[in-house]
Structure formats: structure tokens, C-alpha cells
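Both of the next two complexes hold chain A, though its partner changes from chain B to chain C.
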Partner chain A sequence: MIIKFLIRGLLFLIGAFIFQVSLSGFSRKVVGRIQKRYGPVFWQNFRDIFKFLFKKTSISHGFIFDFGVLMAFGGTMATLIFVPFGNFAVIPGQTNFIVIIYLLAIGLLGMAMSAVGSGNPNASIGISRALTQMLGYELPFLIIALIIMFTNQSSSLEVLVNSQIAGTWNLIKMPLGAVVAFISVMGMLGKKPFDSPIAPAEIASGPLVEYSGKYLGILMIQHEFATVIEVGLFVNLFLGGGKTILDFMIKYIIVYILMVIISSFLPRFKVEESVKFFWKWGLSISIIQAVITLGFYFS
Partner chain B sequence: MTFNNLILLGSVTSFLTYFLSKLSYKIGTVIKTLFIIISMYIIYGNFNTPSSISINEINLNFNVNAFNIYFLVLASFVFLMTSLFSINGIKKYKYKNSYIFLNLLLFTGIIGLFGSSDLITLFIFWELITWVSFFLISLKSSLSRKAALVYIFMSMIGTYFLISGIFIIQNSIGGVSFNLIQKNIGLINTASANKVIIFFVIAAFVKGGVYPLHTWLRNAHGEAPDNFSPVLSGLLTKMGLYLIYFLVIFFPFTKLISLNIASFPFGIIFSYIGGISIIVGTISAILQNDAKKLIAFSTVSHAGYIVLAFSYGTNLAFFGSLMHILVHAFTSLGMFLSIAAVKYRTNTSKMDDLGGLITNMPVTFTTYLVSIISLAGIPPLVGFVSKWMIYQALIVNGSYFLAFAAFFGSIGSFMYVFRPLATVFLGQRPKKYEKIKEVPFLMQLPMLIITLLTVLLGVLPGIIIKPLNKLMTHLGIDPIESSLYKLVTKLTTLDMVLIFTVFGLGFLIALIVFLIFAKTTKVKQHEQYTAGEIVPELKTMPSMYHYSKNYYKPFSRIFSIFPSLESIYNRIAYFTKKIFDIFDNFFYKETVNGYVWIISLVFLTLIIIRWL
Partner chain C sequence: MNTKELIEKIKNIVRGHSLYMLHYCTGCGAIELPPTMTSRFDMERLGIAPMATPRQADILLITGYLSKKTLRRVIYTYEQMQSPKWVVGFGSCTINGGIYYDSYSTINRLDLYLPVDLYIAGCMPRPEAIINGFKKLISMIEKGDAKGWEHYIENKKWYKKNQKKALGNSLYTTR
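Our next item is the complex of A and B:
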């Protein structure tokens, strides 16, 4: 029983890794074409990650620097286990939305701790920006998620997906909310215009400034897993998940590439601007959506 | 020994320790710790045996029962931890014996308050605690004296409201004992019931540090002696929340208990105030520069959670708030004790002056880390369980504003708790703190206990849920569905052991991946990326490369134009003072003008009286 779940989990992690890393490699090509470049091959990101992992020297800044990386990587993998992927969930019945949102935070905390533990002020600035921005994008997203959970009276993602498959997608039921959530997910991923935490030209890639070798490799994998979780949440909540894994993957690819295309056109927000943006537009639109949906629900 | 004798013994012992600790303060602290352990045993032995003390026809009635045992145990636990900590921790204090004396008296007061079985007894101990804590806060410095004055003034406002409420109850019910109130609650008319609820809640909000009346907290928490701050935040604010708990049970103003006596939707109003309290506390905490003041504002936000959930009026929310009281006591103990440990060694809690202490104080760091993870409500720690229940209650009923406030507090807490972690424990360590050692073992012990309990209760929440469920059944509220590690609600099931296992396995895989690749090269603290620039000063003055001042500067820019409640209160105080200055100048200044006024006024009064 336990071994079965272990194998399922490991296979899922490996599958998600291969899928997302090739997709993000492909997205580099898309961005290249937008900028009238040829762009790298789609397996370029595999090359990058494995090159970093197999580097002979990697600099460590002490215990918390290592521990934080492990916490980030482990926490993100643990979170991924709870996200259903089409009709596949590693542990059926255990796809609680609130658990996912909060477990994701443990990865973030580990990352933040490790980065600040390096002792570089650029990393600290990046983390302070990342946490500030988090207060921006999480709130509208959570309010929209709350409405969905309330109208379905369940916080299990599987139930939410099944109700969408049986009925209509939440994208159609609450279009305003879907737009807000889409932008919030872009904020979560740190895509432009919300990339001030890792602004390379200003603060030397922010949190990542002191990482090298296998640390950087592991954090790149961690970032890919976090992407799977966040985009996967959007697909599950708004696009009806998927009847099969393939169905899910197609929706996922469309959402992800759309985000990449949008972000490649935009400049960078200052961090307080992005928080203000999320509060001013994101929050107000999500509350309008809440009023509309709950109005329909109660009448 | 019966409960009343425990109270008497406590007061006597506290006086004795004052003189004993003149010999050596360690004797006093050890006696204090032992007394707390003994009284824990006595409280346990006196379950459901009422007792009373009579002084001059005033009866102080006590009864330890299912209603208050939870609070009594929590109070003893918090005191035990802090008093273990203070065996070594008060070494540098100026007034050691007064500290020990007042602390033990305070413990007696708290036990008396939670153990009381009528409102007058509760009120007497309420006042005792207020005064004792007033002296305790003012023990440290001139700054703390001012903070204590603000505290006592605001507490007094609350106290007057409390006693007025008690009088109204006495008039309409004919008694103030808890049993009588429960029996004759129907006798009270709605107008008086509304008054009582408002009066009690004002008193509770002052003591609990809930939004519009929270302004005393910042300075009182920040300036109080470091070993006292955890008690102040983890326990004394719970006094106010205990009053709300009392109201919910005996003066039901929510839908939780079928008999709703209030004509006004108080439950909704109070839960909204709680929500505002969460948001205000969170934002203010983010903008603080002193670690202790930061935690003080986190107390405001967490009191908001508890008020919100208590007055929300579903059994899940009620349970969540009961549990959150425990969680907040644990986290504020962990956070305040670790900051106190840092201050014990470095003499400061200003985040701007510290940095990189993790290598020197690993145990303190671990305590702080576990406490903040629990505070931010991240699984698999105990903080997640209580927050999860509150969220479930809010989501089931679709209260999106309250849920927004709760989410705001949770994500915002991530911001403010991270700041001390980053600026005190991580980053560049200043040269002068290079040789700092970890605190002595007796100070580490309470921190370790709290850390272990936070993890244990998080993985197996059933340990605490089971007695709380019993309490709920006793109070006539439906218990929640749970087993040792599973929680079932309408929305979904939560399995803490599963989450813990998955997280553990994830960590294991991460460790394996980490270990199979090439070995790492350790570098020194000052070897940093400096954008190609060579910075020789970095070795001698590492603090120049430490980012801690104005950590959330961009965030504070958003709130630069908002007025603070504290300055509004100060402005009102200033305005009032100016008005009374007019009278002051006329009547009380030693001028001929003033005497003439007074004399003529007296004559005028006499003439009027004669005429009548």
C-alpha cells in the first residue's frame, strides 16, 4: 500500500519534472521568436540543470544555507504530491486546496531562509520584495478560490474538478475571477511585470545571487515544480482540470505559454506598484465577482 | 489542599519570596517554579470542588470545572515556562526581588481569575492583575513607566465598564455567580443584556488588545521586562478573550447556543471588528523596527483571530478559537523567549543592530523558527490546525470579507515574522557579537519544550482536540469530528500524519539529491558576491553588508499617507488637555485673578442656596 503510493509519487515527480522542464525550454523558444531570435533548443533547460548539478565546486554559506535549500526542495515536492493532474492524484482523496496553499509556503520559507542565510544584502532585498509581493497576489487569488470552494461546499480539488466536468468551467461561470486568478498566478511565478524580486539588473538576481553549482540546479528544479503547482492550481480551479492526463496537459500548456507570451511584452513593476496593482484591481474585481456569484448562489 | 487555600498560600508565598530573594534571587525563582508545579497538581486535584474565601462578608468563590480548566492549565503552563526561563534570565535585572514577588502574585491572580465562579471574584482578581502587571511593566526603565501609565489608564476604562456591566447583571438577575446567571438568564431584559454585552466587550477589547483599543500594547509589550513579555502577550491578553468566552457561553449573543438573548447582531459586528483587528495588527507589525514591538502587534492580529472566531457563532469556529488561544500562547512564548534570549546576550532587541546570530545561538534560532512557522499557520505544525478550522468555518458560510481578513493576517504574518529571522539570526554578524554564546541550559529548556510540543501537537492534534471536544460537549456545543490525527469537516478531511509523512519523504528525497552530487565548499561569512568590486572593509566591518534597516521600505511607502490611531488618540488627549488648561488657568493658577474668581463663585453659590 505505502510502497504503491511511494512509486506513484516518485513517478509523478519524475513525469512532472520532464514535462515542465521541456515546456519551459520550449517557452524560451517562444520568447526567442517573439524577439526575432532563433531561441535555444527545447532541451536546453535539461542541459542547464544537469550542468549545474554535476559542477565540481558549489559554494556553501553554512548550515542554514543548505538546510533552507532542502526545505524548499522537499516542501515543494511534498506540495506537488497533493495536486491532482487530470484524473491522476497520487493519494486519491487527499487534494485539499488549503493544504496545498500553505504547504507551498513552506517551500517559500525555506528558500527565503536559505537566501538570507547566505548573508548577501541583494538576497535579503529580493526576499523582502518577494514577501511584500506575496501579500499582493495571494489575497485576490484566495478570495476567488474561497468563492469556488463555497459554491461547491468542498475544498478538495478533485471534487471541484469533477463538478466542473459535470457542469460548466469556472472560467465561464466567473470570468472576472478567472482573469484575476490568471494575473495572480503570473505574480506567483514571478513572471514579468511581477519579477522585481529577482530583478537581475538591479539586485543581481536577488535571492539567487549566492547560489552556484548543485544549489542552483536544485533550486531550478524547485522552481519548475512550483510552476507545476501554481499553473496546475489554475487549470484545476478554472479550466475543469482534465478528464485524462493528456487533457490536463493540453490545457496546462496553453495557460503556461499564454503567460509566457504576455509577460514577454511587459516591463517590470516596482514592488509597491505591483502590490498596489493587485490590491486596487485584483482585490476590487475579485470582490465584485464574489458579490455577483454569491448573489446568484443565494437567490 | 483546596483551591481557596492555594490562593491564600500563593499570596503569602509571594511575600515570602520577596524577602528570601534578597538573599539570592535564585532561591526566589526556584521557589516560584516549584510553587507553580505544586499548584498545577492542586488545580488538577480540585476538579469540581467549589471553595471560597470570606473576608469581611465578601465571599470569593472558586470552582475548577470543565468551563475553566483549559484556561487554568494554559496559565500554569505559560507561567511554568517563563519562570523556568527566568531562573537565569533575570540576572541583569535591577529589581530582582520585586520582579519575583510581583510575578508570583500575578500567577496567583491569574489562577484566581480563571478559577473564580462568580463575577465579583473575577472582577477583584481582574483588578489585582491589572495593578500587579502595571508595576511589573514599569520595573524596567523610564520609558516603560510611561508605557505602564498608558496601560493602566486604558485598563481602568475597561474596568469601569466591567464593573458597570456586573452591576447591571446583579440588578436584573439578582446575583453574579455563574450558575445563577446560567439559570436565570431569561430574567434579564434585552436592553440591559445589550448593555452588559457592550460593556463587557469593551473591557475585553482593552485587555485583549483588539483593534480600536489596542494602542497600549505596543509600548507595554516592547518596554516590559523581557521575561514578562511572554506572559503579557500569551496570557494577560487572554484574560480579555476569556471574558468574551464567558459571554459566548453565559450571555449568548451568537447563534452558537440556541438561546440568543441579544436583540442586536453582535456576533457579526464583533467578528468584523476582529477582522479589522487582524488587518491593522498585521500592517502595523510589518512596519515595526523593534522585535518585541513587532510581536506585540502580532498579538493584536491574533487576538483579532480569536475574537472573530469566538463571535462567528459556529461550533467549528468556536473550536478554532479555543485552539488558537493555545497556539498563540505557544507561539508568543516561543517568539518572546527567543528574543529575550537574544537580548540576554546582546542587550538589545533592535533588529537594526543585530544579525547573523544563528551560529552562536542555534537552539534559540530553532525555537524562533518553529514558532514562526506555527504562527504563520504552515503545516505540519499546530498553528495550521487552528487556522485551518477557522478557515473552514469561514469558507463553509462564504464570509468573504472575514476570510479576506484571515488570509491577510496569515500571509502578512509571513512577512513580519520573517523580518526578525532575517535580521537577527541570519545575514551578516557584526564583529562585536562574534564571541556570544548560547544561553544557559535552564533557559534553553523551556524553549525546547515549546518547540517539541508545537511539533507534536501539530502532527497529532488529537491530543489536544479530545479534551477540547469534551469541553464543548460540557458547554452544550456540538463537538467536531476528529480522531488522533484526522479532522473531518463538511468541506474535506485533514490528515496531519499524512502531511507530515509526505513532507518528511520530500525532505528525504531532497537530501538524497543533495548528497549524491559533489561535496560543497564552505566559505567564510564575508566572502560575498560584491558585483566585481573588492571590498576589504567587509572583513573588519561585516555589518555594512547586512540589509536590515527599513526591511519593508517599499511596503511602508504604500501606507505613508494613512493616519495612525495612536496619533489620533494623542491628538484627542492634547485637545482635551488644552480645553482643561483654560479652566486650569482661570481657577488654579496662583494669581489674584483666580482667587477672585473662586471667591466670587463661592459667594454666588451661597447666595443661591440661601435664596432657595
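Our next item is the complex of A and C:
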């Protein structure tokens, strides 16, 4: 039984890796076309990741530095196991939203621990910005997710998906909430208006500044897995998941490419501006959505 | 060909097509790089992208002359990079000093101090020349010919002697 779940989990991780890395390579091509360039080939991100894994030397900065990288990588992989992908879930019945949100923090905290362990001031600034921004996007996203969970009386993603397949999508039921969640997911991914934690021009790529060789390769894979989790959550909560895996993938690709296109047009917020933006607009619109939805629910 | 050589060959092909570049812009060379990176000449289609820190970079691009003060920083930067790593000398200043050949404070030949894999000649080289040079570097890496970093490790004594001659005995500043 356990062996079966292990094999399923491993296959799922490999599949998610191949899918997301080719998709993010394709998104580089999309950005290239927007800027009137050819752009790289779509398997460029595989080359980048494997190039870093094939490096002959890589510098370590102590035990905390190594351990944090593994904690981020392992925590993100463990989270990915709980996300249903269309009708496929690694452990059927174990797709709780609260578990996912709880485990997702492990990845970011491991990263924070490791980056601070490197002792580079740029890394500390980057991590403090990332955690500050987390305060911004988590709050509106969680309010919207709580409304969905309350109206369905369940926190299992499979139940939420099935209720949307039977009825209407949450995108149509609560459009304001979907917009807020979309922007929050862009903040989670660190896409363009919210990329102050990794700003390459001012703090030299932030938390990643001291990583080299294999460490950076592992963290790039971790970032791809985190992308699958966050965009997958949005598709499951608002676009009705998918009847099959293919259905899910098409919705996922549309959402991801839309985010890439939007982010390629926008400049960068300062970190206090992005938190202010999330709290001023995100929080107020999500509370309006809560009042409307709960009003209909109780009447 | 045994398995080890085959794996090394595959690794070299992957390395050649993904090059993160750290540009050390001292002089006028920086002017020709933005058009090479942006829409008109589009360096990214060859898999070359600019990077912010020496830890993540593969190529050290030295654009223009080096004074004795900046040479020290370039050596620090080079030693922070992770191998395999490559150095590209850019413009005639790195080859023979260029128009600053008789200045009291500049370095005339870069390859006395760092192992240069490829020179791109010109004052300054146009974006076409830069792209051409990088294509040459990619084919060198694929064949496994660009071994400047191994040369630096093997002949460390000779390089350190030259560096000390130019910079004085305080090669690493102590604070």
C-alpha cells in the first residue's frame, strides 16, 4: 500500500517537474515575443537547471545553509503531494486545503533560514522583504478561501472541485474574489509587480545571492514545484479543477500564461507599496465579496 | 568511447547552451552590451542571460581596460565564481592595453593575470562581433576546449606571481 503511494508520488513529482519546467521555458518565449525577440527554445529551463546541477564546485556556508535548502526542497515536495491534479490525487481523500497552506510555509521558512545562514546582507534584505510581502498576500487569499470552504462546509479540495463540476465555477459565483485571489497568487509567485524580494538590480537577486552550483539547481526545482502548488490551488478553487488531467492542464496553462503576460507589462512595486496595495485593495474587495456571498448564503 | 566520456560530453553540451554572464563594465564596453541583450540582437536565444552575482555566473565578461585598482576586484570576483567558469576579454584594451597602453595605472595584458578563454577584438566590438564571439565560445565549450579554469588551478603560482607584481604584496586587502 505504502509502496504504491510512494511510486505514485514519485511519478507525480517527475511529471509535475517536466510539465512546469517546459511551461516556464515556453513562457520565456512568450515574453520574448512580447518584446519583439525570438526568445530561447522552450527547453531552455531544463538546460539552466541541469547546468547548475552539473557544476563541479559549489560553496557551502555551514550546516544551517545546507539544511535550509533541503528543508525548502523537501517541504515543497511534501506539499505538492496533497494537491489534486484533475481527477488524479496521489493519496485519494487526502487533499485538505488547510494542510497545504500549513505545509507551504515550511518551504519559505527553510529558504529564510538558509539565506540568513549565508550571512550575506543582500540575502537578509531579500528574505525580510519576502516575509513582509507574505503578510500582504496571505490575508486576502485566505479570506476568499475561507468563504469558499464555509459555503461548501468542507476544506477538502476534492469536495470543492466536485461541487464546482456539479454546479458553476467559483469564478462565476464570486468574480471579485477570483480577481483578488489571482493577484494574490501573482504575489506568491513573485511575478513582476511583486518581485521586490528578488530584485536583481538593487539587491542582486535577494535570497539567492549566495547560492551556487547544485544548491541553486535544487532551489530552481523547488521554485518550479512551488509554482505548481500555487497556480494549482487557484485552478482548483476557482476554475473547477478538472474532470481529467488534460482538462486541468489546459486551465493551468491559460492561468499561468495570463500571469506571465500581465507581469511582463508591469514595473516593480516597492515592498511597502505592495503590502499597502494588498491590504488596501485586496483586503477591502475580499471583505465586500465575503459580505455579498454570505448574505446570499444565509438568506 | 566509454560511459564516463559520453556523460562528460552530454554535460558539456548542456553547459554550452546555458551561460549566465557577469559583466564587469569598466569602460566604454558596457555601451555595446544592452543592444546585444535586448530586442534587436537578442542574446537570450543563444541561452545567454545576464546575472547579478558572481556565485551564479558562468562567464566573466571584462569589457574594457582594467586599472590596478579594478584588477583586484576582478580577481576577487573570478575566485568567487564556481567552476567550470570562463573569462571573455572584450575589446582591444584587454589584449594589449588599447589606447591606454602607456598609462601608468592600467593593465596591458589581461591573460597575465586571469586565464582568458576568448578575446573579442575591436574598439569597441559591435553586437554582431559579440554574438559571433559567443557562438565561438559555445562551440569551444561543447568540444571541451575551453579549459581556462583548469589552467588557472594548475598554474596558480605563476598567476599569483604576476598578480603580486602588479598589485604589490597586499593581494587580498585585510580589514
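Note that the second predicted complex is superposed on the first by the 299 of 299 C-alpha atoms of A that agree within 3 Å, B and C clash if a C-alpha of one lies under 4 Å from a C-alpha of the other, contacts with A are read in each partner's own complex, and residues count from 1 in each chain.
The rule is short, and it goes like this: contacts are C-beta pairs under 8 Å (C-beta built on N, C-alpha and C of every residue); 3 or more make two chains touch, one makes a residue touch a chain.
Keep in mind the model is a prediction, meaning the values are calculated, not measured.
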Partner chain(s) touched by A:K56 [first = chain B, second = chain C, both, neither]: both
Touched partner set for A:V235, first chain B, second chain C, both or neither: neither
Contacts of A:V83 with chain B and chain C, given as first, second, both or neither: neither
Which of chain B and chain C A:Y211 touches, first, second, both or neither: second
Touching partner for A:I285 - first (chain B), second (chain C), both, neither: neither
Contacts of A:I183 with chain B and chain C, given as first, second, both or neither: neither
Touching partner for A:V260 - first (chain B), second (chain C), both, neither: neither
Comparing the two partners chain B and chain C, which touches a greater set of residues in chain A: B
Partner chain(s) touched by A:M220 [first = chain B, second = chain C, both, neither]: neither
Residues of chain A at both interfaces, chain B in one complex, chain C in the other: 54-59, 204, 209-210, 213
Touching residues on chain B, where the partner in the complex is chain A: 356, 358-359, 369, 373, 376-379, 384, 388, 391-392, 394-398, 400, 403-404, 407-408, 411-412, 414-415, 418, 421-422, 426-428, 490-495, 498-499, 502-503, 505-511, 513-514, 517-518, 520-523, 525, 528-529, 531, 542, 545-548, 551-552, 554-555, 557-558
Residue ranges of chain C in contact with chain A within the complex: 11, 14-15, 17-18, 20, 38-39, 42, 44-47, 51-53, 55-56, 58, 82-84
Touching residues (chain side chain A, partner chain B) in the complex: 6, 9, 13, 53-64, 66, 69-71, 73-78, 81-82, 91, 93-94, 96, 98-99, 102-103, 105-106, 108-109, 112-113, 116-122, 124-125, 127-129, 131-132, 134-135, 138-139, 142-143, 146-147, 149-151, 153-156, 204, 209-210, 213-214, 217-218, 270-272, 275-276, 287, 290, 294, 297
Residues of chain A that touch chain C when the two form their complex: 28, 32, 35-41, 44, 47-48, 50-51, 54-59, 200-201, 204-205, 208-213, 216
